[in-house]
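Two complexes follow with chain A in common, the first pairing it with chain B and the second with chain C.
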Partner chain A sequence: MTVVFLILAALTIAGAAAAMSLRSAIHCILALTLGLVGLAALFLQLGAQFVGFTQILVYVGAVAILAVFAIMMTHRASAPAEPILSASWLTGAIVAVAVFAVLAWAIHSTPALTPASLPQPEASVNQIGAALMHRFVLPLEIIGLLLTVALIGAVIVAMPEKQDTL
Partner chain B sequence: MTPGTIDQIFVISKHWLLGYVPAMLQPVVSAILSVAPVLVVFPLLFAITTVLERKGLGRIQNRYGPNRVGPFGFSQPIADGIKSLTKEDIVPRSADQVVHFLAPLLLVLAAFLAYAVLPIGRNMVIVNLNAGVLFFFAVGSMVELAVFMAGWSSRSKYSLLGAMRAVAQMISYEIPLVLASIVIIMASGSLSTVAIVNLQSGYTSIWPHWFLFTPWGFAGFILFMIAATAESNRSPFDLPEGESEIIAGYYIEYSGFKFALFFLGEYLGMFATSGLAITLFLGGWSAPFSFLTWIPSYLWFFAKLLVIICAFIWVRGTFPRLRMDQLMGLAWKFMLPMALLNIFTAGVWHFMPAGIARWLLCSALLLAPCLLLSRGLKQGRKLQVRTYRFAE
Partner chain C sequence: MSPLNAYLLLSASLFSIGLTGALTRRNAILVLIGIELMLNAANLNFIAFWRYGPHPEALTGIMFAIFSISVAAAEAAVGLGIILAVHRHLKTTDLDQMNSMKG
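Here is the complex of A and B:
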């Protein structure tokens, strides 16, 4: 556990906690973005460049922007008056603790954690690309086709109807 | 000194300086020595560009431009800097104080981060990342968040409108921007900016191997530059700050040095995107002819950058601003299909044997749809030169 890891972990947890506890929805999303950036930095610290940059590109560049845009168009800017803790916070806390316990137990008992079985995985961009182009080429092509269809569909939805007189 | 020494003088002097530093501090000092020049040179370029732009626009509009401060008005940026530093920093009472403060900082931070992967000379790059191009676009996407934060936190309807326009525009034009650069990644087989430049630094007789000199590279460059203009909110895509409608857009409620930071961030973003265009399409720091390689590599990078900046100024002075629906129509109905087609063409180019047939087929594959698409989009619209009753 290095100093860098501790700083990044604190940043991520602080972002996530603020995302839950702030009143204004926009503030929550900005705090969540901070948490996601912290997570991306953790990926980078582990040497997973591709995953880290994709995390920033997708979550900060797309998901956060989409969320703020939706809120900006629909929501009032003022914070709601009701308290932050809902009436069923106890149930929620129990479920959260239970999920965390199961996950922690699963991670703790995994054989990958024993130091002997760690060959230091080297996940460079080249290897990810090679894996996507050889082993996983069919799923990749299908996803690519699906996304292209969605993109063209969006353009067609935005096109003016034939009957419209401009 | 040989040309090789002059070319590497900054790299050599950095290593010479590092020799005087204890081994424990060397990584930190090395990082500082790499980052500090970027933090100095590009803001300086920003200062020069502001005065060049104002003078250039002035000449285009038949007036002088700044000519009072210093020789030929070239000390104008110093006066501007002192002015913005000493101005009162006004924050609207109803503004969201924290977000309002953080927005310009995030914008400048994101703009500076992008320079980390730009090779500005031979062996002159801050970090040679495996996924350099991906890094560039990842930090570029943070700019949108900063723009939104600025517009939303000001609690002004003009700011909010400006931010909505800016974010919508940036999201729309990011797609053709990334799709236009994908052809380069396909051709070079690498996401590393250094590898991409190295691949283009060879010569056939005197002509360089730039990706610009292929049909798909040329089309990609045009698409990339249009998208880059829109990404940096410059005219003719400057609706987010349309003066006649929403005054200054998302940074209308900023004053003093924060306002200057927005300007800095905008220009730094423009330089960075132009730098990426140079890296991807114009061979980075490599010389345009094989007999000019004795000129240091970093000078070539900045020469290319200045040419692109001049083109930006020229475009700003001569094109009228687009309307919002025209802006979106251009991105989604013209640039997106062309970018997708360009990717296909790059694939065809890769699998065809080299020769004149490959050139003809790929050019036709791009030119014919371009003509057909622009014809199709023009249908049913009356396009004519606007006639003025009094202005002429």
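Here is the complex of A and C:
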């Protein structure tokens, strides 16, 4: 466990925790962006360059911007100061703490699967492209179809409805 | 603690933070963001197991993470579209006030 890992882990956890606890929704998205950049850096540190850069492109570049647009479109200028937590927040917090306790206990009680140090595996973009075109070509086609259907569906769902169809 | 355990513990914390947000926030967009955080925790697990597991040359963990990111992007687009449509009807994104399935 290195210093770099500790710094990146602290950055990611801090960003994620701030994203879930800040009052203003826009501040939440900005904190989430910080956490996602930390996560992308962790991917880079693990040797998965392509996934790290995909993470930055997709999450920081697309999902966070999309969420900011959605917040701006649904924002009310004269919003009263209402509580940010739902009425059943205590149950939710207890469930989340219980889930973390079970996960941490399971990780702690499992004997180490691997030796502490392994040679860094190779995952160049060249190899990933070759694997996508040979072994994983069917999942790639399916994911392309899924993305097309999902984007068309999202546009149709968000489109203003005609009054007579109501 | 081995490096794999450290990454798994970090991933478990991220998952729990996302779950807390998804279960306790009122704003529907932030609930969606919490779900995205949980998906990201799963991605971190895929990459960590690829790095420290046997046969990393098969690239299975990397492929799983890439496909998972694609599905998460589709989910975010559809989810935000649904939130916009609900906001047009109910004029709110407060989940405590969305108590009716009728449009």
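Quick notes on this structure:
Convention: the second predicted complex is superposed on the first by the 116 of 166 C-alpha atoms of A that agree within 3 Å, B and C clash if a C-alpha of one lies under 4 Å from a C-alpha of the other, contacts with A are read in each partner's own complex, and residues count from 1 in each chain.
Here, a contact is a pair of C-beta atoms (placed from the backbone, for glycine too) under 8 Å apart; a residue touches a chain by one contact, two chains touch by 3 or more.
Please read all numbers here as calculations on a predicted model, not as lab measurements.
Of the two partner chains placed around the shared chain by superposition, chain B is the only one that A:Leu30 touches, whereas chain C remains out of contact. Greater residue coverage of chain A by touch, when chain B is weighed against chain C, goes to C. When both complexes are overlaid on chain A, the residue A:Val95 reaches chain C alone and has no touch with chain B.
With both structures placed on the common chain, the touch criterion links A:Gly61 to chain B but leaves chain C unconnected. Of the two partner chains placed by the overlay, only chain C lies in contact with A:Leu39; chain B stays clear of it. Legend: residue contacts after superposition of the two complexes on their common chain; A:Ser124 is shown touching chain B, with no touch to chain C.
Of the two partner chains, chain C is the only one touched by A:Ala70; chain B is not. Of the two partner chains placed by the overlay, chain B and chain C both lie in contact with A:Leu151.
In the superposition on chain A, A:Phe53 makes contact with chain B only, not with chain C. Once both structures are placed on chain A, chain A residues 50, 54, 62, 73, 151, 154-155, 158, 166 are touched by chain B and, in the other complex, by chain C. Residues 96, 99, 129-131, 134-135, 137-142, 144-145, 148-149, 152, 155, 160, 163-164, 167-168, 171, 174-175, 191, 328, 332-333, 336, 340, 380-381 of chain B are the ones touching chain A in the complex. Those residues of chain A that touch chain C in the complex are listed here as 1, 5, 9, 12-13, 16-17, 19-20, 25, 28-29, 32, 35-36, 39, 42-43, 46-48, 50-51, 54-55, 58-59, 62-63, 66-67, 70-71, 73-74, 82-89, 91-93, 95-97, 99-100, 103-104, 107-108, 110, 112-116, 118, 121-123, 127-128, 131-132, 136, 139, 143, 146-147, 150-151, 153-155, 157-158, 160-161, 166.
Listed in rising order, the residues of chain A touching chain B in the complex are 24, 26-27, 30, 33, 49-50, 53-54, 56-57, 60-62, 64-65, 68-69, 72-73, 77, 124-126, 148, 151, 154-155, 158-159, 166.
Of all residues in chain C, those touching chain A in their complex are 1-10, 12-27, 29-30, 32-34, 36-37, 40, 43-44, 47-48, 50-53, 56-57, 59, 62-63, 65-67, 69-78, 80-85, 87-88, 93-96, 103.
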